[in-house]
Amino acid sequence: MTILAQQIVLGLLLGGLYGLAAAGLSLVFGVLKVLNVAHGELIMLGGYGAYWLFALLGLDPFASLLLVIPGSLLLGAALFLALFGFVVRAPEETRIKNSLLVGFGLALALHALAVRLFTADDRSISTGYGGAVITVGPIAIPVIRLASLLVALALIAALHLLLARWRWGKAIRATAEDWQAARLTGIDIRRAYLLAFAFGTALAGAAGTLVSVGYSISPSIGLEWTLKALIVVVLAGLGSMLGTFAAGLFVGVAEALSAAAFGGPYREVIGLVIFLVVLVLRPQGLFGRAR
Amino acid sequence: MLEIRGLEAAHGDVPALSGVTLRVAAGEIVALLGPNGAGKSTLLGCVAGLVRPRAGAISWDGENLLAVAPHRIVERGLAVVPEGRRLFGSMTVEDNLDLGAFSPRARAARRESLERVFALFPDLRSRRRQIVHALSGGQQQMVAVGRALMASPRLLMLDEPSLGIAPLLVRRILDALVEINRAGVAVFLVEQNVRAALTLAHRAYILEGGRVVGEGEGPALLRDAHVRRAYLGPLAAGERDA
Amino acid sequence: MTTERAWTLGILLALALLAFLPLVAPRDDVLNFVFLVLLSITLAQSWNIIAGYAGQVNLGHAAFFGLGALTARTLWIAGTPVVAAMAAGAAVATAFALLIGAAAFRLRGAYFAIGTLALGEILRTTVGNALPEISTLPAASIGAYRLAPRYYLALALAALSVLAVAGLARSRLGLGMVAVREDEGAAEATGVSALALKLRALALSTALAGAAGGLFAYYHISYYPSHPFGPGWTFDALLMTFIGGVGTLHGPVLGAVLYVFLKEYLTVRWVDFHLLIFGVLFIAIVLLFPGGLVQALIQAGNGARRWMARRRGATT
């Protein structure tokens, strides 16, 4: 029983990162109507960014978020201007298909680049306080993972506020809902797209940083995290950052429960199976609106 | 102010507008009438930057409007209330109105504009924090008109504002248009409700099959035989002008 | 004769000539290399059918390759003659495809793509968990291993895949697929059942993929059973088909040849670098040159013809 509770708590902590990873993908998909399957590679790059800042400069990973996030913002802007900015010129049907293919090529290229630059080894950031644990009754909560969950929640909340209160945040939401009407009210939708993509990449970079300190990274984690993010996005539907975060927690817990029920190796499968079932039965997800 | 000359447009291979010429001067209310499929919405779409015309010129204050990026058209002083309203349904009334004042020029006057909109449509003041898709059709139309007004336009263009709205609310919206016009804003109204449109318009054009087939002053057209036969039908006993 | 027909004949002729290769150059490294090209051609053409002709981007293609490999391997090691084992592999792959097909095709466009991606991963993980141990041929079989039969089977399968696509392109099924790909709504309005067409395309595509998987199982002495289920196989097929020219007959063949050559040339010094190049090339093709190499060749041909005409015109 205690073991189960422990697993659930760990699943919850991991689920927070799933939610963060998914939020970036959801933002990009919702606003640009573009499915960036290289999102996992962006997470991977964020992880390596934090790792090298730690390995070379001794910068604490939580502090390096202050560098990784702006860096990822710029990377996102660059990727939009160089790549996805062209994809959004097509009408929606073709756009999604093209984005899938472009994202696939990008993922391949980034993965190969990472292997060349960083080798294929697993890496993880080990800080001095890495082993610290908070004990609540019989359950041990690793401090780093707890801090990561809180950071993830904070970032999502910040994004939510940005979208709700900031002038350009509202413009982004308007563009997501009806880009033609948005244009009529004077919104430069290309700028809205650029901002959304940059924010999405920033969230990915942050997620990567948290993964590198709480877990481990390697050039190959891209596909795995893209799928995780996709699962959560499909489960949550579009339109709510907080809903996406909640869905991430749900997936984390579901994985923990299935690992307990069917054994560790099948942990990955349950998420994918839930994904497929929801996709086929309810393409708009649990929280999303029907298209 | 707004001059359209020889405008031609098509939907794919199907011609929608063939050599349309019309103008809207400052302070006027001009109506564009005609049957379904005549090209009225296409015309508005060309002005608003939604549709790319094949030929012809659109000039606003002497400037070539076709050379202006679509999202910059609002800055120039033209605001559109599109057909079907096209509001941001998942956002609040206040957010929708706020977005209407997105351009820098409009933003400066945002607070006054908001007050003016609430003065015109008092119903909206109490509903400012409601999500738009929870409102009725007529209330949504008020939000749509309000959103366009928030842009501090000199010309307000509306595409079928009375479509699908209860007659009482249509009356209110049309009254609001008159007030807006009295405050100095020109109005370009595409309408199927010919009687209502001609009652408040100074001038009107009639579009049929993508061509301008008639033009005149509102009251004169109301009495015109062709217009009466084609669009108004016999006045039933006791029926009042809408 | 149309360009495509010319290419078909040309390719089949080349394949026929390759039949003599083991007699002319009985070197294992050459034959292994050509084997890889032939396997790649089959894999690419199989994906081309569902993606190029039917317009459905299947990102779980490796699942069918893997199922074919698994079935064929199991049967063949147990004593079934290899061709029958491969046929069984193809049958199992197709059966699975038809089983999930109706549900899968409820998903459109990108959702079909990510759905099949997930499906592929589910199969890979499950097989990896169920059969974690490496599969190795029994000692007697290793002793009796001959490259020639495998080479000829690969040749036959590659020829079969080219013929299948050639036949498809001109058949009613093929034309129907293209109609559905271009505008599903319009096609349905003319009485075409889009679902039936897509299912038949999927069946043909997965049968070829399953057979290719069987070939893989016959060829390799030892491998992890989950390996042929890996997404790398899907991605290879995608790259080869797109770079060559998706939806054409000879595109995937050109793409496969280029891909294997480049990979061999680059792998020696630069691990995975070929993927970096192909990734960038792929993006360029999607955005700028959707017709791939085939389109490039056509445009080059037109350009050359115009240049020649101008030269002739200038001298008269």
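For reference, chains read A, B and C in written order, and residue numbers begin at 1 within each chain.
Rule of thumb we're sticking to: contacts are C-beta pairs under 8 Å (C-beta built on N, C-alpha and C of every residue); 3 or more make two chains touch, one makes a residue touch a chain.
Quantities reported herein were computed from a predicted structural model and do not represent experimental measurements.
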| Required minimum of steps from chain B to chain C, each step between chains that touch | 2
| request: Would you identify the chain whose C-alpha centroid lies closest to the centroid of all protein C-alpha atoms displayed? | output: A
| Out of A-C and A-B, which chain pair has the most contact pairs? | A-C
| query | Among the chains, which one keeps its Cα centre farthest from the Cα centre of chain B? | reply | C
| Whole-Å separation of chain centres (CA-atom averages), chain B against chain C | 56
| request: Indicate the whole-number Å distance between the mean C-alpha point of chain A and the mean C-alpha point of chain C. | output: 32
| field | Computed distance of Cα centres, chain B from chain A, in Å | value | 43
| Across the complex, what residues on chain A touch chain B? | 167, 170-171, 173-174, 177-178, 180-189, 239, 289
| query | Once bound in the complex, which stretches of chain C touch chain A? | reply | 57, 103-104, 106-107, 109-111, 113-115, 117-119, 121-122, 125-126, 128-129, 231, 235, 238-239, 242, 270-276, 278-283, 286-287
| In their complex, what parts of chain B are in touch with chain A? | 48-50, 69-75, 80, 82, 86-91, 95, 98-100, 102-103, 106, 147, 151
| said: Help me check something: in the complex, which residues belonging to chain A touch chain C? | reply: 35, 37, 83, 86-87, 93, 96-102, 104-113, 115-116, 223, 227, 230-231, 234, 265-266, 268-269, 272-273, 275-276, 279-280, 283
